[in-house]
């Protein structure tokens, strides 16, 4: 269902996490296309899958270690609509890993055309006081394999 | 439930449409705060209320006249979380009205603190071919009362 | 927005809590009618409003007193579809108040026709061990004004 | 992701369609368990997968052939809560296939315990006038392989 696409091409390429989603009846509005809040529900699920893929699932990070990863900024372009029944692919890459922050790039693609692009800024927080904290070392290391660029 | 706040202050103020919302159980995530896709569902409902307030409800505009108003860009800052049970107010104002486009500013406020800010770009389209069209004259006129600035 | 309808008629009538809802764009599916899981989100919000109306809001009951009110049975008839733009009214009445249980009847009406009927069984639980508990006395008293029948 | 479980056991067993779902962050409420309207969104997706599995996807049936399959009755028991991170399995079987109706049984299971049971009555309708119609022959035949019982 999800794969790493570690490109072999000569140009510099980010390491990508790719997750496929089917556009379901429940995602669509009276115009028969994805209702945009549902894109964000899907996108949140893709980020959830990515954390699990890193070996740091939210069930552990959030529920047990009390480390939150709230979104503080989300800038989105809706390029083309996605229709009921479409298969779309979410491409997640890391733009920047800061002391407490993390910038993700999302490109959603269906049938060879971009559907949506989003830039998401997350921050590590303590769920006890909701203040920013530095990423724990093991989490930073897990994220770091997505900050490399192939060439 | 919704009011126009036509400011009497001396500084230049946009005409605002204000809608109040209660943060419900169904809006909240396991951390007890608004799950961000639900903010967008609420925000879409506020825009829906605003069109009705303009005398151009989507039930007429979209369903009968086949004029769509898809969102093409949405840039959002999440300033502070909103908790289950909070009453929050959505302040909608018009930043710019173009030939086919419309830029809305949203500020969501709860208990005197900003919770979320969003800038939303909409485009008028024909629902028959999904191409951009100029805003119909009556729609443009209805929107225009929100493009004035008081001073 | 919500009212008690304490009937004056001669026949036996339950005390009803009535809440009005607008069928929004976000509630509807590609057929332009309410997507049934969204009826249940609305219904849950009506029950939430009812608890607040009783003076026992979930923010206090659930969050502070750790008394849960999970639904254990929900039987629903979908009579007629509701369309985008419809105003519908949820009529809530109490069928039975048991030691730990509560049976609610819901009738959803739009434009003089029934749209949905539901029978919902709730149970009082401790949120510390998720076991059934008797309704606390003050909660039982608050519910009891809805168990009376007028004649 | 989905399989037919055609039992070899001696007792009479229905033919089952089984679909697995991960309980996501977005499915859960402030108590950290599945918010019940989200169970119905999932269940609707499982039924959608089943129609696709029958070779009669909604994208064809609903969008092209204008045959609707609205739910008219849905009776649900919530047996045990499902937690964030749980993997749950939806077991769908056919209880009865009528001229225009279809009765489905759903059992949702997680970690060897039943979580939810539902009985769902669907009706075939013409989307042109929303009246009941007999199931088209090819649809009836496709459903029929799920009406057999093994022994």
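Order of writing sets the chain letters: A, B, C and D. Residues in each chain are counted from 1.
Here, a residue touches a chain if its C-beta (ideal position, glycine included) is under 8 Å from a C-beta of that chain, and two chains touch if they have at least 3 such contacts.
From a predicted model like this one, the values you see are computed outputs, not experimental measurements.
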- Query: Which one, A-C, C-D or A-B, has the same contacts as B-D for more than half of its contact pairs?
  - Reply: A-C
- Task: Could you compare the number of C-beta pairs in contact for A-C with that for A-D and name the larger?
- Result: A-D
- Item | Centroid spacing, where centroids are CA-atom means, of subunit A and subunit B in whole angstrom | 26
- Using the average of all C-alpha atoms in each chain as its centre, how far is it in Å between subunit A and subunit D? 30
- Take the average of all CA coordinates in subunit A, do the same for subunit C, and state the distance between these two points in whole angstrom. 37
- Identify all positions of subunit A at which a residue touches two or more other chains, and write them in rising order. 25-26, 30-32, 35, 37, 41, 44, 63, 84
- Item | subunit C residues touching subunit D - in the complex, by the definition given at the top | 30-31, 35-38, 40-41, 44, 62-63, 68, 70-78, 81, 127, 130
- Message: Which residues of subunit A touch subunit C once you look at their complex with the stated criterion?
- Response: 25-26, 28-32, 35, 37, 84
- For the subunit B and subunit C complex, residues of the former touching the latter: 1, 24-26, 32, 41, 44-45, 48, 57-59, 63, 84-85
